[in-house]
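Each chain carries a letter (A, B, C and D) given by its place in the written order, and its residues are counted from 1.
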Amino acid sequence: MRTLIKGGTVVTCAETFKADVVVEGERIDAIGAAFSGHFDKTIDATGKYLMPGALDVHTHLDMPFGGSSSSDDFETGTRAALWGGTTTVVDFAIQAKGQALRQGLDNWHAKAQGKACSDYSFHLICTDLPENVIGEMDKVVDEGVTSFKLFMAYPGVLMVDDSTIYRALLQARENGALVCMHAENGGAIDVMIKQAVAAGKTEPKWHALTRPPQMEAEATHRALAMAEVAGVPLYIVHLSAAEAMQEVRRARDRGVKAYAETCPQYLFLSYDNYLEPGFAGAKYVMSPPLRPKGNEEHLWKALALGDLQAVSTDHCPFNMSGQKELGKESFAKIPNGAPGIETRLLLLYNGGVNTGLISLNRFVELVSTNPARMFGLYPKKGTILPGADADILIWDPKKQVTISAATHHMRVDYNPYEGWKVVGAPATVLLRGKVMLENGTFTGKAGDGRFVKRYRPEFKSP
Amino acid sequence: MRTLIKGGTVVTCAETFKADVVVEGERIDAIGAAFSGHFDKTIDATGKYLMPGALDVHTHLDMPFGGSSSSDDFETGTRAALWGGTTTVVDFAIQAKGQALRQGLDNWHAKAQGKACSDYSFHLICTDLPENVIGEMDKVVDEGVTSFKLFMAYPGVLMVDDSTIYRALLQARENGALVCMHAENGGAIDVMIKQAVAAGKTEPKWHALTRPPQMEAEATHRALAMAEVAGVPLYIVHLSAAEAMQEVRRARDRGVKAYAETCPQYLFLSYDNYLEPGFAGAKYVMSPPLRPKGNEEHLWKALALGDLQAVSTDHCPFNMSGQKELGKESFAKIPNGAPGIETRLLLLYNGGVNTGLISLNRFVELVSTNPARMFGLYPKKGTILPGADADILIWDPKKQVTISAATHHMRVDYNPYEGWKVVGAPATVLLRGKVMLENGTFTGKAGDGRFVKRYRPEFKSP
Amino acid sequence: MRTLIKGGTVVTCAETFKADVVVEGERIDAIGAAFSGHFDKTIDATGKYLMPGALDVHTHLDMPFGGSSSSDDFETGTRAALWGGTTTVVDFAIQAKGQALRQGLDNWHAKAQGKACSDYSFHLICTDLPENVIGEMDKVVDEGVTSFKLFMAYPGVLMVDDSTIYRALLQARENGALVCMHAENGGAIDVMIKQAVAAGKTEPKWHALTRPPQMEAEATHRALAMAEVAGVPLYIVHLSAAEAMQEVRRARDRGVKAYAETCPQYLFLSYDNYLEPGFAGAKYVMSPPLRPKGNEEHLWKALALGDLQAVSTDHCPFNMSGQKELGKESFAKIPNGAPGIETRLLLLYNGGVNTGLISLNRFVELVSTNPARMFGLYPKKGTILPGADADILIWDPKKQVTISAATHHMRVDYNPYEGWKVVGAPATVLLRGKVMLENGTFTGKAGDGRFVKRYRPEFKSP
Amino acid sequence: MRTLIKGGTVVTCAETFKADVVVEGERIDAIGAAFSGHFDKTIDATGKYLMPGALDVHTHLDMPFGGSSSSDDFETGTRAALWGGTTTVVDFAIQAKGQALRQGLDNWHAKAQGKACSDYSFHLICTDLPENVIGEMDKVVDEGVTSFKLFMAYPGVLMVDDSTIYRALLQARENGALVCMHAENGGAIDVMIKQAVAAGKTEPKWHALTRPPQMEAEATHRALAMAEVAGVPLYIVHLSAAEAMQEVRRARDRGVKAYAETCPQYLFLSYDNYLEPGFAGAKYVMSPPLRPKGNEEHLWKALALGDLQAVSTDHCPFNMSGQKELGKESFAKIPNGAPGIETRLLLLYNGGVNTGLISLNRFVELVSTNPARMFGLYPKKGTILPGADADILIWDPKKQVTISAATHHMRVDYNPYEGWKVVGAPATVLLRGKVMLENGTFTGKAGDGRFVKRYRPEFKSP
């Protein structure tokens, strides 16, 4: 199968240029001014951008919560991802307390197997690392799961103490994995939550008020200080607060390999959303919470200046009906999470590229190249080069879309950006050479996606 | 009893001027150019400085450790203090786990009662603050013990978790006490210690290498972040590392009432001392440990620029013989602490004032006025003013002293500054009008010292 | 003449205490709890503060401008100063281009001689320092004029180039004088002014818009960099912008002896005042100009944290009628300057002490002790100590005053703070033991003030 | 003419990948996995890197100085450039005082015409910009000279005052050119030079001691502050000091489009070189001077973290014999400048890439892509893409070279890096498709190089 994509403008993390692209089977074969010869298929990309398919390295599909689960499974979630231009997701497998690491991983393999439409991989969340378990991390890495996530929040559930964090960092130093951190001071936050609830402060906004930005900055600083002493890189997930951003910058300035992602919700929404009438604020209950107005501006500047490495989604959808409403009596019982796997590129392109806040190349870098690099998938994923997987996103910069729960493809009954109009959207999406989306029709199917083993990421000098 | 001190130069935290001082009973009565009338005693202070008696707000006298105790009790310790120009000590009472707060305090009252030569007060170390105990803090404050200390180090012994710290800060917000913090990340340090010991790295220097400065900076930042959210002042004890200093500065710049003391050992000694031959490095095993060369310079600059508020001693002596030597096989078993209650002013004056690094006034501020202010003893203590306690240190700037265990008055078999020659020393010391030291003779006695109830400190704008 | 001031609370730069004060002739004799014996006069200061008389180290009395002069001469200006609690002024003598330094100084001695009500001294503004003149600086210093001022603004009039500045700094290094700097980049500002005028932008607000804060920060940085290389202290006059403040802080952090004053206008007024109707904005035309709202807050914080050393007035009054109105057609012709010699303490006390932004002691430090120290007048002036000049300001913290041109004692037809109500004002003012103001009556007279020779200031470690 | 370069690894500013490259005429045609068909020439690049030809945007060829000129003319200089892998130079044309801008440009066109081996362009140095001349800048830009350089040093010769700088920045705002700045405070430096010479301090090292880093930082800050107010980007040439680097960073942090280059001499040499025996220090007399040891480390870190945008040479060679020796009696008479056009890539690759301080991609970015972008030559120059000029540098990472005046191709009688051994060097160099260097033989000729008109650079968000 030989495909020619002609007339388009290729956009990589660093360059923008008119060129035709030849795809041979699952791979990109050549990039040039004009190709002749036979092609099985020709795609006209005139007036469009050819970008590497996007990677979403922070999703929670089919994640157990209470008696139910996050509302998207691997089929609905990865299909929605492709609708939005994302061709690979890296989801979080979870080791339950007392479990072997492998068990956590096996559970997630079972969830994805045969269902995923996009390519996928896993990070592994560790909740319990006694001496007889911690060594298992090495095997997990050998199997292509080269990143782990730890929590400094949710005491009694997911939180691990500083001693465990430090031991995990040392283990990662040996096995070459990257540690990802949920950085919020769970101990102090827990006190604040209990005090708020005891005082009858139970509306959704109290979710934010009991998780102040200083407690994110604190944990960020702490995690980076331990990474510094251990001599390992660290990746801060879903950075939300300017104060935490500042800690990442400081760490980097003193030589720590400090990396961080943010998510669209922290770039486009704010604390004010919690004040929406009735229980509507529950839509935005996620951790870290949305921050006060003005904070977004700081994060946009950080994106522009290169202080943040990636934009992922933390996609973790719960229906308002039957799920979010469990917290009607108290914010402390609202399932934490919101949908976003489908809208990431729409929002970031419209709010960042169309406004001039970030360049086209920076856009590609944030949603595709950097995530691929940091998590050991580059240059297989994340770029348009001879030899790379032909995961190609053909982007129509003029296409208009109105975001709505009525039309989105995520399995959730609301959209945090309901009614927002954006310009710029996927026209065609190829996954390893196969057209998955074309002319507004999804042409892929469950099982098209493959598990991708990841390399140990390299963090050379910039 | 009416005493005239004439011919001297009065030095306060801000001013230096020639004046005579009249003492009436236990108080200062007047300061002026020349007084006439009858005096019961006249002290000629020509060529000498009149300073307010110094306060040492960080001592551990008669502190239980393993089967024995720190080697100075309240009699020997406070006598040595007076020899060194210190007229008031604030020692640390300890609540043992499971104990009522009052019990901890009562134990320390019993240790000091009738023995103290200098005036004294207590901070209370809390190790255990369940819901039914935390409220006792308020009573303790009402009894004049207006400061508490918490530990972020020594897991399983003294360390409290972030949740406890945050609750204690909230309680202090209500009762007006000042929280003092031992800021080192005990969780990570504990892992480092175990790994070092397991690897056979047991010499004294490993005490320092397993407590890196970043872990002090981390805990300092964390404590200050929680104080910021709680809206209370915080006092960092025995700050040792430039990196921690930087965190205090940053907190202050963002409006936190962040205060810190350092100690002479961090200004005059360094990591290199751990490399002294044989087991001699054990003399310097204390926490935080001595820092690498160059760090002292940073702290001196911080003293000069006003970034540090006080110099105290963390006096916690253990004899080499029978105590320190418990750790011959492993640094992890060496009792933590070193003597210094007697040498603080000698060292700081010689190394700071004689060199021009700090002014005479700053010297007085650091050892007397600021400690008095921060811990609710000013203007009773800490200054020379009409109405203040006549705790007067008459300082001879020309007196030469050679520091030595052979001649010091602390009950400990070594001195970390053995053989050091300094210029400037106490000539005469008055405690509430009574001459305690004169002509090289100690004229006070056990029981001369009184427990002093302290006010809630006020932290107005500077 | 022996006077007793009894029942008051003495406030120095560092301490606040109840005490009686005995004045003998022109000096303070003693401070104490209770004095007996004969007194020629007794002043009851119950409920009042005894502060050292304030020093205003930045005034322009009788300063030639165009055909006329600033509207206060040494008699009216220093009388108004005393009404406001200021007992010493340091005015700016000016060397005209081509003149000997001595000539500039002689001119100002002639202006003040026999007219001054308060004590006074001079700085000398140098506008022209060729090789054959620069050496005269040393003689000037020997005569007690130990500070010089240079301008980086007003090209063609007062501005000197970098080469001249650097040479003057080197000379000051030798003779021990302090260099004061008007820091604005005159070259760039001049272009902006010409462009604005050419474009018909002539209203008073353009005065501010053509002198942006970055140009003050720039010159501040430049001056401090040269002082750093020359190895001398530098004093920035009338610092107005947060950006300039930041440069002073940075210089200090790298070890430069960098000092700065601000003025009440920058603490209480803002750019918005230029927008007052008609030509009213001209009242506030001064250089540097008033800064945008929010800037004041930054300066207040700097005052509180100790980043600024003094508050002076830059008193340089011009009547609206006949003087300011020269600039009706163009802001570029409005005489630069505004009155303030009388209202400094009223404003700073009300806005700083009554609000809690600064302490009483810091107030005294900023208006009296620090100016005295920095300009070689301490401890003769600037404190209340045995031996000091009996310049005593008895402050009534409850007295209410409404500021108005109708009642003020400055010779100028408007007041920038017209109608402002403040609480706290002078009750009684003594100059070297003589009562100058009492019961709302001025009891001094022209000629009561003396020229005070100044020492070379010492800038020891803090 | 159709050329295939096969088997190599393409290195761009962002990516490294194995691919074959097809060149058609003067342009790159295609990049791919394997190409078939006819080729006029095939180059085997196995084991080698294909990089875009380097750009040197800071050279002084045939520059008049005193009675003579810099020792390389456009033929010898650009030939040496190609030997070192540089395919385009941007030299500095100079407007003499009183001249029209065009005259300066014409003079340089005449120097280069028919002689250049590499492609070339010009910046224009303005020394005199009265009202009737400044408008000519616009025409110069229209002719493809889209950058100007101003001097803040060399008073009386090249220096322009702040007023002129600000006016030039405003003009550039209108015509879209980039202003380049030589940032040293010439006024203060001039005083230091005169004082040193007067004091008999005349050895080469005094060149450095009279140009302290603070004076570079000062001018850097000043220039950037004016650019900030004018609202234009600014490019600092030959940044040498850590202190100046800090100013660039600060400006960028507050939103200024602040850019800077450094040069190999500041990365590899230091003040210590001035101490070489006899008059050898004269080899290194250039402005800014070499900085104290330790400074290089700071600049390397800045290169790695992205704080610097380019590495150029400031190639300005003078023979020791007959030229440098003019300053035997006084450093102030030594011609300022040193050779480097040939050794830039050798040094940077060996010292940066081989050591791991910077990545291969960052290397390409610094010597080729960024200079092309910042000066309006990208994507014609500076990258390997279909459609770009086929300026291709085939780099042999294993080739060993010993740098020496005996073998270098620059026309100058010494080399600052004499005897240095480096690994990694050009194997083959193509200029617009023509092989200029191959198998150690120069195959180009004078006149092969063309003048390249430059676009107005765009400085979008990063």
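In the analysis below, a contact is a pair of C-beta atoms (placed from the backbone, for glycine too) under 8 Å apart; a residue touches a chain by one contact, two chains touch by 3 or more.
The structure displayed is predicted, hence computed values, not measured ones.
Listed here as common contacts of subunit A and subunit B: no chain.
Taking the definition of touch as given, a chain qualifies here only if it contacts subunit C and subunit D alike; none does. Counting the residue numbers that touch the partner chain, subunit A and subunit D have more than half of them in common.
For the pair subunit A and subunit C, the distance between C-alpha centroids works out to 59 Å. Here the spacing of subunit B and subunit C, counted between their Cα centres, is 41 Å. Residues of subunit C found to touch two or more other chains are absent. With chains as nodes and touching pairs as edges, the resulting graph is a single ring in which every chain has exactly two contacts. Inter-chain contacts occur between A-B, A-D, B-C, C-D.
Residues 12-15, 17-19, 22, 24, 27, 29-33, 35, 252, 304-306, 356-359, 362, 369, 379, 383, 385-387, 460-462 of subunit A are the ones that touch subunit D when the two sit in their complex.
Residues 155, 161-163, 165-167, 170, 185-188, 190-192, 195, 212, 214-215, 217-218, 221-222, 225-226, 228-229 of subunit D touch subunit C in their complex.
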